[in-house]
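The first chain written gets the first letter, and so on, giving A, B, C and D; residue counts start at 1 in each chain.
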Amino acid sequence: MNFKTYIEATGKRAVELAKIAGEISRERGISIAVAPQFTDIKPVVETSGIPVFSQHIDPVKPGAYTGHVLAEALKSSGAVGTLLNHSERRVKISEIEEAVEFARNSDLISLVCANTSGVSAAVAAFDPHMIAVEPPELIGTGIAVSKAKPELITNTVKRIRSVNRNVRILCGAGVSTPDDVSRALELGTEGVLVSSSVVKSTDPRRLLGEMAEAALAGF
Amino acid sequence: MNFKTYIEATGKRAVELAKIAGEISRERGISIAVAPQFTDIKPVVETSGIPVFSQHIDPVKPGAYTGHVLAEALKSSGAVGTLLNHSERRVKISEIEEAVEFARNSDLISLVCANTSGVSAAVAAFDPHMIAVEPPELIGTGIAVSKAKPELITNTVKRIRSVNRNVRILCGAGVSTPDDVSRALELGTEGVLVSSSVVKSTDPRRLLGEMAEAALAGF
Amino acid sequence: MNFKTYIEATGKRAVELAKIAGEISRERGISIAVAPQFTDIKPVVETSGIPVFSQHIDPVKPGAYTGHVLAEALKSSGAVGTLLNHSERRVKISEIEEAVEFARNSDLISLVCANTSGVSAAVAAFDPHMIAVEPPELIGTGIAVSKAKPELITNTVKRIRSVNRNVRILCGAGVSTPDDVSRALELGTEGVLVSSSVVKSTDPRRLLGEMAEAALAGF
Amino acid sequence: MNFKTYIEATGKRAVELAKIAGEISRERGISIAVAPQFTDIKPVVETSGIPVFSQHIDPVKPGAYTGHVLAEALKSSGAVGTLLNHSERRVKISEIEEAVEFARNSDLISLVCANTSGVSAAVAAFDPHMIAVEPPELIGTGIAVSKAKPELITNTVKRIRSVNRNVRILCGAGVSTPDDVSRALELGTEGVLVSSSVVKSTDPRRLLGEMAEAALAGF
């Protein structure tokens, strides 16, 4: 679950939301990770009991890099992984290869986002741990990629698999109901990225719980 | 003091270094602020007792902005201000105006870095709280701008003052001895930015203490 | 007149449009410059008889810079100046200072675009030849800045003049009728930037001619 | 041959150098293309008689994109293709996919540069016409990649071929002697990218001629 810079998932509210995700995760026995803002990583790690990701990482080593996100700093704050190349924070192709490598060297899981099936296949060459395909035109719309563009997902899975047998494949954009989750798994992905639908939900516990159940049924 | 992404100032070592800065600040009665990495802001705030700055801020409001640094998140983590446009993280001119405004709206102090006297005069038009002029060719060299280019500093002070009467003026780049600090104040600045000289010092407490004394003598 | 990447102002159609501008300029005795795409600069210079600007310049010297726009190359192709920092191609603040200097060293006129009055005042510190204020939210709308936001223009003129006595001030965004031109000059600017209104006009000759007359009356 | 922004390959000197390349190409019956600066594309097309590439293309369609490089403009100026993602002008991964598609739609040949074998394999997923692997640390050194890092080339060829059967593979960086060309072809590439060695040569005609012979012998 990507917290983005939503005010409903900033500071104390990030901690609260992550706690809920942690409870659902333990109750249902399903794997949920959260990606809060950089400043909230440590407090969320300390309270949620679930895997915490960064929303970005820079391909830099320790040194004179003001304002950058260092793998070692993520690691020391308790993060277990990081998103990269989200449609709201796209990076150069050479930076993706380098950042995946920096993450690997710090034992961080790399989850590379891709806006198309072509970009998904391309980043598969860098052998990250996970790839999430998210058509940007659906992000935040409530129209799930798994419903609106099922062929995009199946095509993405196929193209990634022709390059890389091991990488885990997720999908995102518009995923907002338990049914969207079910459909995503049916189409061959192994998980979903959610954001605004849960973050801005009036009852995130209930929605997350239902999504978790849909996911369990789908495996 | 800018912690950059130095490993000597990451995670627990960021907390330790900030504690030392806090002690020096209280012992000598001199104002010292630290700018750790994003993930270290909250723990440094909780342990150091001195003002904590971010190394960067993005000109975005709460919403769908993955991987960005939000003013409200800095505020909620206890930061009191932020660097912006450091030579290692330069931004577009329109972003500086917007980010200074976002900082102001969240009661965060904005410290805009400038690589030349011209850029210093330009950013003065945005009325940030502080401007730090740092010629990038001296950063990390140990050759202090206040010694190597004194005329750059006096010229910068003059140019900024022709545009803006109130902004506080700092200087940085290569500042590594108490004498460098004295010279910087003599030339009309109101403080210094230090980084590698202290962060990588074998005895940061002693060096910071001596710099603090030099600063006190200079006021 | 900024040709952008409009197809109506690309290749042969750029040459045709610039010829029309040249004729209007000579007939009415008014100064009109055109800014075609990089590849069209030379043919437009050779046929239009009016000043030709580039749409962008990079702050690089001759050397190993693939895909960059070099001052010397603009000069040798016959351009007399360049736009910089247009809202559709914003650059870092340090690059503006450098590029204005590179342009000056090659005897090219620099026309720096600014999205707000604050940015206008800031870039005035770099002493370019001209500053054009263009609120991006009005670009391409047909709603002229000189009508919709007259106070923005008067405020911009005032702020720029407090920093720089000599720079010429233009305004743009939404300028689409002769009356918009008149208003812009009344408000204290010395010219206008036009684009889509003329480029996409069914009768650019007539529209440009009427705008020229409005401008003449306004001086 | 990439002209970059070398002064020896700007304006009239670009035309002269391209003429020499054209003569060598016809005399030896070998394919040589040149990539001059944007402003020099049209005059080089008109005088050299050989294929002319742009050094960059932007993934934009005709419209309101100031300072961008439009496929249609390249086409209308007579270019037959374009470089993309050169180490001196790296772009975001999503832009590579889009720009290759824009080039294809305008019948332009896309030559995507890659700094490593991993990036080469990644861009192969976008099915450009050609991929050139160029380790940036060797560019401009005179130390040929084909000699210093032969295993990089063979590995790149292998990795690209596992993804894409058809794309043509070139190599570059430090290629400065006929022998460097021979080695590159022996290692399985189908051509080379040269720049400073020829552009800054005291006798480009002789050097190009000898490289052409080496290439002929290598096929």
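Following the convention adopted for this analysis, a residue touches a chain if its C-beta (ideal position, glycine included) is under 8 Å from a C-beta of that chain, and two chains touch if they have at least 3 such contacts.
On a predicted model such as this, the values are computed, not experimentally measured, just so you know.
K.L.:
Since chain C and chain D share one sequence, what rotation angle in degrees maps the C-alpha trace of one onto the other, as a multiple of 5?
P.N.:
180
K.L.:
Farthest from chain D in C-alpha centre terms, which chain would that be?
P.N.:
B
K.L.:
Cα centroid separation between chain C and chain D, in whole Å?
P.N.:
33
K.L.:
Centroid of chain B to centroid of chain D, CA atoms only: how many Å?
P.N.:
Chain centroid spacing, chain B to chain D, equals 44 Å.
K.L.:
Would you mind pulling out the distance in Å between where the CA atoms of chain A average out and where those of chain D do?
P.N.:
Chain A and chain D have C-alpha centres separated by 37 Å.
K.L.:
Among the residues of chain B, which are close enough to touch at least two other chains?
P.N.:
Each of 87 in chain B touches at least two other chains.
K.L.:
Please output the residues of chain A touching chain D within their complex, sorted ascending.
P.N.:
85, 87, 90-94, 96-97, 114-116, 118-119, 121-126, 159, 162-163
K.L.:
Within the complex, which stretch of chain A touches chain B?
P.N.:
That would be residues 2, 4-7, 10-12, 35, 37-43, 55-56, 60-70, 72-74, 76-77, 79, 83, 86-89, 139-140, 195-196 of chain A.
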